[in-house]
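The structure appears right after this line, and notes come after that.
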């Protein structure tokens, strides 16, 4: 009946990590998505004539270690829209414009093992990650490319009766590419639910910027998130910056090396401060365009004695943690 | 290995609706499945020779606004069977014969936004919908077409030890088509679980009928469900009728207009009575055979002061509710 | 983008079973997976050159009676690996080497209705099944074939911080085929979580062996699991054997008959002993290579008065149970 493409990524990492409990013990594990989150999806497009296309995408996370689905099945992508000379507009569930525009500026490509670009390592004593707004529901998203300039916007409805702004998210972004140089700037804001005391809501505001320079065979990256949370109940705003930089060195057509550093400065807020940082190194060997073997190492350190994890998703148990791992990724 | 077809519908509606809380506030929302429930599925058939085919179908609901799966993953279709000159027999999970035979007689095509053909709008003060039995588990279903006559039967096992009839559902249907005229008649009964007091069970009995006439470019529809629930614990039977009528006007090859009215008369029952009604209007613009844009408006009113919703799935908050929306649907 | 195969099995059984409650009542039911668990999946491979291939597989259970997904969505298969002259290595979620090597020695092919090869019938008064370790998470699995010899190994990480052996599973297997004769031997061990009292863990050890002889048109099967559970908290080891034997008679190219017997001797253990046994008989009529109709009958008996079920998945209610059923299976 149609031309649906079934696609995905199967990515598994064998990992050794230290400080995996309060006693400081290590753990060997099989984890899903070392380099990219394992996923599968359906996507397609239909030519409507005059350069216009109908497009849809459904994408689901896969836990390759246990076979688990994501908490919301199609939590990665579930959207439909139109694509044309004007750009692309989609409606449904998808990633924020912030996520889309900053991805090219993370040398680790948002790798679950290990990038902190989308969020910091878990600081258990400090229930803040000050992370990026990534997956968004009830979303209307636009993106267009005009010569060297790319522009994008996200608008997600809060779906709150009685307030058109509570629960709302928006993101505005621009990017510019000139030869080996690229840069992007993104502004976004997410409003929380209204609180009963004064009918106001917390506001999370973030500014992201990134630059990259492809000095072949080495590409350099530098980016930052400047984050502020204004509290509806009063009290000090929570502020932080997350800065990352790194490089990819394409040593041979098949082998690349990626060192990266992530440094978070949680500078103010009622729940405390810390300065966690992560050093990550990845070597990738491409068996083909679609299949790679990779080795990865990382070490994370808390600046102020909080407990920290190399993984953005798991809790830490001490003020430092290190890991090494071997993985395989296959794209289909 | 085989010829499996991956298919689906991605349908998203941007909707404004009033009276979305007790204070009477409006809400803007992104909802999945304005015109048809968003879904994806797998289906296939194998030629066994002599006109006989093996057939299977798996179909799952998609919440395109959040990426959620349906409560039972393959809750729409999960069945296998045989198809031949005699008709088609399938076993597993599917829609009732009632659902299949009455669908052609709803001008809105069971649209979640907005048709009440399968159930009434939510009357929160009256926990009754007196709806159609739609999706059915443990089902054996037959359908056959013989010239102008179509016949169908559903039989779903109750799977209750000690009673072959408790929990059982059956449906018997016939339809007739002669040129522009079509009509259908369906009888069904669903038994509830046995109650301890007397070993009997509630019985929901429904008679559906529908007629349509294709007076091109206008097609007219009229249908009704006559519903009765006999209570095993005694007390007055719950009775109601749901009547719907409407038309589709194919104004141009690409543009159609569909006005429809749904009127429910909840006439007796211990939990009270009401007479909710819904007026719906849809304009559809087909970008292609597979992709459409549409606009929809609706208004619902409770007859006896109960709270009512334009949506058959959401709760209402006042004795009336209205909405307008814009949507896009893509079939793949 | 790639050559993904969508595949599966849709299998539904209409079953009559007696003793389905404490009163001894029968029940008619529609159940999914009479002959094989209903499933769907995605799989693919990529030629990497030099005889090397990248392979992946995702496979999910389907409840065809209700449309339900399995408890872990991709709980059957979620793995990626490499295949070459050396054999195949995969990482992720899959079936144990034990499961893979013993499958050819069950005349009923692990049929949910009815084989006890992977586990015994439910003895409600005896919360032990002493079953096979089937699906395994965090798994590294190898299998290779060298002439008449097939070897395999599973190693699944326990992922317990502070102990590399707690929670671990391994399996080692060899099989040999010479003309009509085949034999296999498998050893495996699964460690439980550590207990606080002494830091030790329960150990389940099993030895499986099987032989088959294809005396066309009759193939004979005999196999056994010798099971022991060593308790970390002390107390008598739980011991049992499960023995099965049977035959398939290919009466005509389309019709086959399969009688089988499963006999479990739960010989020691704190929770008691029993000797349940199951007699199963299946007749299969192949409409094509991919589609079959089948009839099945079974009767189970408890040796020591415990309650027993013909099904390895459902609870029993009396010391015997019998069933007959008709099914259809379609492979896509």
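In order of appearance the chains are A, B and C, and numbering begins at 1 in each one.
Everything below uses one rule, namely that a residue touches a chain if its C-beta (ideal position, glycine included) is under 8 Å from a C-beta of that chain, and two chains touch if they have at least 3 such contacts.
Predicted, not measured: the structure shown is a model, and the values here were computed from it.
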Copies chain A and chain B - rotation angle from C-alpha fit, nearest 5 degrees: 120
Same or different for chain A and chain C, where same means more than half of the interface numbers show up on both copies? different
CA centroids of chain A and chain C: separation to the nearest Å works out as 40
Among all residues of chain B, which ones touch two or more of the remaining chains? 6, 69, 73
Looking at the complex, which residues from chain B come into contact with chain C? 1-2, 4, 6, 42, 44, 46, 48, 52, 54-56, 58, 60, 69, 72-82, 91-93, 135, 137-140, 157, 159-164
Touching chain C in the complex, chain A uses residues 5-8, 10-12, 14, 20-21, 23, 25-30, 32, 38, 40, 62-69, 73, 287-288, 290-291, 328-332
